[in-house]
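For clarity, chains are labelled A, B, C, D, E and F in written order, and residue numbers in each chain start from 1.
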Amino acid sequence: MLTDDTINRVVRAALDEDAPWGDITSDLLVPAEATATGSLVAREPGVLSGVRTLRATSAAVDPALRVTVHVTDGEHFDVGDTIATLSGSARSILRAERVALNLMQRLSGIATLTARYVSLVKGTSARIVDTRKTTPGLRALERDAVRSGGGYNHRFSLSDAVLAKDNHLAVLAASGEHALTATLKHARSQISHTTHFEVEVDRIDQIEAVLAAGVDTIMLDNFALDELRAGVAMIDGRALVEASGNITLETVADVARTGVNLISVGGLTHGVRALDLGLDFAAPLGRP
Amino acid sequence: MLTDDTINRVVRAALDEDAPWGDITSDLLVPAEATATGSLVAREPGVLSGVRTLRATSAAVDPALRVTVHVTDGEHFDVGDTIATLSGSARSILRAERVALNLMQRLSGIATLTARYVSLVKGTSARIVDTRKTTPGLRALERDAVRSGGGYNHRFSLSDAVLAKDNHLAVLAASGEHALTATLKHARSQISHTTHFEVEVDRIDQIEAVLAAGVDTIMLDNFALDELRAGVAMIDGRALVEASGNITLETVADVARTGVNLISVGGLTHGVRALDLGLDFAAPLGRP
Amino acid sequence: MLTDDTINRVVRAALDEDAPWGDITSDLLVPAEATATGSLVAREPGVLSGVRTLRATSAAVDPALRVTVHVTDGEHFDVGDTIATLSGSARSILRAERVALNLMQRLSGIATLTARYVSLVKGTSARIVDTRKTTPGLRALERDAVRSGGGYNHRFSLSDAVLAKDNHLAVLAASGEHALTATLKHARSQISHTTHFEVEVDRIDQIEAVLAAGVDTIMLDNFALDELRAGVAMIDGRALVEASGNITLETVADVARTGVNLISVGGLTHGVRALDLGLDFAAPLGRP
Amino acid sequence: MLTDDTINRVVRAALDEDAPWGDITSDLLVPAEATATGSLVAREPGVLSGVRTLRATSAAVDPALRVTVHVTDGEHFDVGDTIATLSGSARSILRAERVALNLMQRLSGIATLTARYVSLVKGTSARIVDTRKTTPGLRALERDAVRSGGGYNHRFSLSDAVLAKDNHLAVLAASGEHALTATLKHARSQISHTTHFEVEVDRIDQIEAVLAAGVDTIMLDNFALDELRAGVAMIDGRALVEASGNITLETVADVARTGVNLISVGGLTHGVRALDLGLDFAAPLGRP
Amino acid sequence: MLTDDTINRVVRAALDEDAPWGDITSDLLVPAEATATGSLVAREPGVLSGVRTLRATSAAVDPALRVTVHVTDGEHFDVGDTIATLSGSARSILRAERVALNLMQRLSGIATLTARYVSLVKGTSARIVDTRKTTPGLRALERDAVRSGGGYNHRFSLSDAVLAKDNHLAVLAASGEHALTATLKHARSQISHTTHFEVEVDRIDQIEAVLAAGVDTIMLDNFALDELRAGVAMIDGRALVEASGNITLETVADVARTGVNLISVGGLTHGVRALDLGLDFAAPLGRP
Amino acid sequence: MLTDDTINRVVRAALDEDAPWGDITSDLLVPAEATATGSLVAREPGVLSGVRTLRATSAAVDPALRVTVHVTDGEHFDVGDTIATLSGSARSILRAERVALNLMQRLSGIATLTARYVSLVKGTSARIVDTRKTTPGLRALERDAVRSGGGYNHRFSLSDAVLAKDNHLAVLAASGEHALTATLKHARSQISHTTHFEVEVDRIDQIEAVLAAGVDTIMLDNFALDELRAGVAMIDGRALVEASGNITLETVADVARTGVNLISVGGLTHGVRALDLGLDFAAPLGRP
């Protein structure tokens, strides 16, 4: 989940980064008492995420700014739609503008891309889930954007679920450890009962050894479609099945139809382009 | 400039975000004494940026990790090139992997895109410069990536240079302030002699009034090519000329040939895709 | 898991709290070059936890102090046993003494009490698990102490697992929400596949509705022994079973024999007494 | 003294520790608009401490929560007494519950134990005072709890008073320093006139040398009752006298009757058990 | 510019430094409900700076304190003038008093001294500018005080403008680098177009080489008056001219008449004495 | 006392303030491998304080810099004396220069002024003590500088000693509280036995009432010399006597001869001028 504390921390750091000792231009050129109204307008269609970052930025800059929201997180909008309006001190709106846009553009880009993936798997039992390929410092916000787009989250971090990948298994093997099943079984016995246990396999012949250890989810990494189908059949409900590895908008529907439960897409947060949103000032500006 | 302090702050926050209470998978499955060698390999061609973030991540996780760098910031690489190798504790390499990749992929994406813009203006007097459309929290790193790609930086923030935009001029007008030249002249007289003074104009007929105030740079925003040429001629060396507004890889060469000094491209940091880099583990792994 | 970062944060804050502007007594009375050897000695028997806090305190005060550890986390010790020795600067040892003792005494108290519970359920399939009744600021260390005593951890916090308690169900009911099964099912469908889902019930007749929603663990709160047995039989492996509520050293063995998988004991961290450890200085002290 | 800043720092860190990314259970199961009233009820008798931590926790979670306090710090309460009530958002009350209880239970445990010691020395001139054996991070709160119980505080830390103990004197001796009186006299001449100067002695024959140096307090460590009486007579008002060392509820009254001014009891904060307090929700819950 | 964030950071740190665990005297002796009115009175004449620090200190201590300001930043005041009054809780006023005075006395000392320099150069084209010789931690406030006194700021820090001094040129020479002009020209080509480029020269014969590189400002360090005149003539408007080096109240007018644009005076912040301001309590005090 | 932690916090903040994103001049103009030697030279005579800040600044910038100290804290030096030398990376020395000088100049100014006061009271029993009139953020360093000059410290802050001033007594009176003696006696009974209790009086006829309450120190504020003598006689060793109020270099010797124990001088830290120290670079510079 995304807490207000997290949003406020990100927003305050961003505001500080964007004007460590104030906005010298507005202080020189914009009278302190000038007021304005700015409209956050979509320059391309998409799915929104980040309304709370807009509110938090506005409040951090100037609690007296009024924010009216017309589109909320998870809603679709079209070119030219007004997403929100800010009104109040002109200096405050100019100060908040870039930080709010930088955050909302990126988050809405993620929500929009996620929504495209989600729409492509509609009717199947597959969830679209994110990965740890997030922007450093923004993970909680980007995970929230994935949810805005209709996707689901995978584990938050290395600390809150076990996910044994090829590298771990390789190290185990090279280290001369016990057979895979025994090792995984022992690992499982060590962790809290609330900790999810997932293992990645590269080949279909690894599945039985992993299942025998009692895992919650098996990730089938870079499997061809027929291998995925075979994997799903072999696992047969004894664990959740996650498909992973270079899944794109072109391939996701076919992958979903193999019967997997989860499709993780690094590109949701990694390969995403910021969406084009802008702030338009209404004319004429008033005075208080 | 990008200081080690800034890099370390970003890297430590990212490591903490990625494993607030440790990597439970490696602690369960990878023996503490297992060693490994991981190669950072390019999965697509590009221009590198972020070697210092790799070193900082590695040092923050485990000062005993050895980092060997084969490609440095600003250098081109090809698919399959090994950019760097890490060797030492397997647990440490796994812990550093995602954070280092998330940073380097984004920064190298920026450097690569910047380099494409820079190559398109080669032979002209125009510099490619960045904007404030950066990822919140990563501005100093992303500006460094622009320099890795051969671009230049614009002002760092709202605090270190004056840049009067349409919105400022609009507020001035609406507030019934003095004529533009007088206002700008007065503003200039208030600031430190070390503060750069730049003004954005939307129409060619605004240029003379701005020039009369004595500015360092005039930004011609969303000017057509012939308007840019006319603007450059009119300004005639009395100020630097910056072209701005929806400049793309398709249009940048033509813009550069109009004689402008600076071309600012928000897309360098805003519309960029992370470059695909991966970490490959060598087999077999040894023990100390 | 307990990371070095967490330990260091706690230790540094404790050292700062214990001497915000230095140890004026030692600075006045102990020559800067005086050396000493201090032995950490058990004044009562127990199970150790906190060796890493001892090392961290020592290193934070003076990296030149030498720490030799004779008993490690999870090991039993007797009255008079020397747990560790510190040698080096006398001022540094006096500076580290109280902080190290305050931490290790509390953590070893937890490990010792946990070990008593664990020994009482030996031979059954029940795990002893902790709760959120921990000392504010020390949760990660106290959870580690529970593991030192042979216990297991429950969820770390409100953020990393769902645990629906009587109050949640009460609020649901009062709010006129849908039937329990439907509500829990819907909730489960919203969360990440890696998030554990546990529900507390107060009466045996609530179990079927909860099971029907598909939960990972059912907590039987304040059940009598025969109710626990009936609950275990009814659940029959379809979920883990956790016994909870006023379980003491007197009752834990009987509870474990009902067949529950987990027994949560708030008293492990809540009702625990610090164990008596002391630091004895060897005589005579030397000079470098 | 205990400042609001200190309380807020502890409370915010505890809330963050208890839900770093939110309370996922309440967010799933408790409607945002549901309201509730929770009563903080005593499950055993005692003396209260920590009302300000309750208010601070409540305010940090949700400034709109209403807190009504029925018992204040230092007051006795009985089993079943309602100490305070919280009303407002059900989610907010559930979020604040554990942190507030964890703090108040520990602090009230300290106040209750202190009050028992204090009542045992009533009628004598002896004060019960605390020590540095406090929980790392909570010293200022625990000292306040000692005052709630009618006790007094000793020095806050190593920085604000001199307390020369056996180890210091041992180091001095071993280092071949001047005679004890001269050394203490010199030390006293170095410090601020506002710094209290106390010296611990182990044997009655050390007293005269210490008194001759001009000290504020002499601590008689581990003295038998008749030795304490002899010490008090020998010092005869020339310094305050503090008894120290394994003083328990069984022995404290006899110690107080020897005429000492101060009795320091490490167990006030070190050997204390958290008091059993609970939060009961009223039914039925309403909606706003 | 001086932001509220900066002021608040300084004020909060100062309040914490001045009373880390509260004001024990007022808590003992001043009833919580006692009210008072304190007048900030000038004990010597001067120019004010720091009204915002007074407001921030008052608000940080107690938002209910009322602050009435009679003299604002930049205004002259005389002995005995009341600069501001605080009214409200007596405890709060006593808590804020020392921190507010310590800040305002220093800042007003700077403004007063600056105003003396500024008045001495009236009628010339020279600006009085500050240097980096500021109190660590207070630079932004002290720069603001210089502006209160009618002075101007030089660069904020090493990061926001190039200022090549004798030491830099010495290092260059010693390192066998290219000729001065070439080196400076290359340096200039590397930096952002918004970065001011200034070079210090010690001798008049260095000026041409520096001018040839295209610099924004030339600093003439420790030049005699006739050398300054010669330098101004030689530069002839091709760059700004800054005089620097041991300029005092005695010499500044003559320096200004040489035609330089800027006169930097380290003593504005470095050699300044705090101005004598005091807080007088009105009698009799009331109760709420 | 002044801890390394405090020094490092101040130094790091100052370095960050002086170059938030690096020293762009040195990075452009000084080769990374150039080395230099800088001598810290006295431009006027004085008493040194701040050697530890020099070492800390140097270490924070570059642990490889070598610092050789020729004059230590508390020692007198003459014009032209070399206080310390730094050698190593030229960039690092240039980076450390201003911060180290800004700190040492101020601290040595305080030590020098204190030493003048101390020499004037030599032969009397009076100590020169400081006040809370220190630079916000630098109190611990400035108190250390007072000790370097041979002075003593008063209480550190409002938290560590009681000092009842005229304002407190005024509030008491106005609030209709009990008689002065009773109030002070009650206050004394509330505080820790380690807390110093001092009361300021304005008139000689207040002394007996204060003495009767049992105080540690009486401050005679703004007493004429004969009043001071009378006060000392009246108090007659029953409490320490502190003279306070506008004591200058001209009057301090006479005040000391009245027999007071303490003379507090706000001007030690409040009215002090930074001492002139400079950093001279040796020529020619070498390369590694």
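FYI, a contact is a pair of C-beta atoms (placed from the backbone, for glycine too) under 8 Å apart; a residue touches a chain by one contact, two chains touch by 3 or more.
Predicted model only: the values in this text are computed from it and were never measured.
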Intersection of contact sets, chain C vs chain D, gives A, F
When each step joins two chains that touch, the fewest steps from chain B to chain E total 1
Every chain in contact with both chain B and chain C is listed here as A, F
Greatest centre-to-centre gap (Cα means) from chain C is with chain E
In terms of CA centroids, furthest away from chain D sits chain B
Equivalent interface to C-D (more than half of contact pairs same by residue no.) among A-B, B-C or B-E is A-B
Cα rotation angle, chain A onto chain E, in degrees to the nearest 5, is 120
Expressed in whole Å, how far the mean CA point of chain A lies from that of chain C is 33
In whole angstrom, the CA-centroid distance of chain E from chain F equals 23
When centres are defined as mean Cα positions, the distance from chain D to chain E in whole Å is 46
Multi-chain contacts in chain E, i.e. residues touching at least two other chains, fall at 1, 19-22, 24, 159-161, 195
Here the pairs of chains that touch are A-B, A-C, A-D, A-E, B-C, B-E, B-F, C-D, C-F, D-E, D-F, E-F
Interface with chain C, chain B side, in the complex: residues 16, 19, 21-22, 24, 27
The residues of chain B that touch chain F in their complex are 1-3, 5-6, 140, 156
Interface with chain A, chain C side, in the complex: residues 1, 127, 129, 152-155, 159-161, 192-196, 198, 216-217, 240, 261-262
Residue positions on chain B within touch of chain A in the complex are 10-11, 13-14, 17-26, 28-31, 34, 36, 90, 94-95, 98-99, 101-103, 105-106, 132-139, 157-165, 167-175, 177, 183, 187, 190-191, 195, 270-274, 281, 283-287
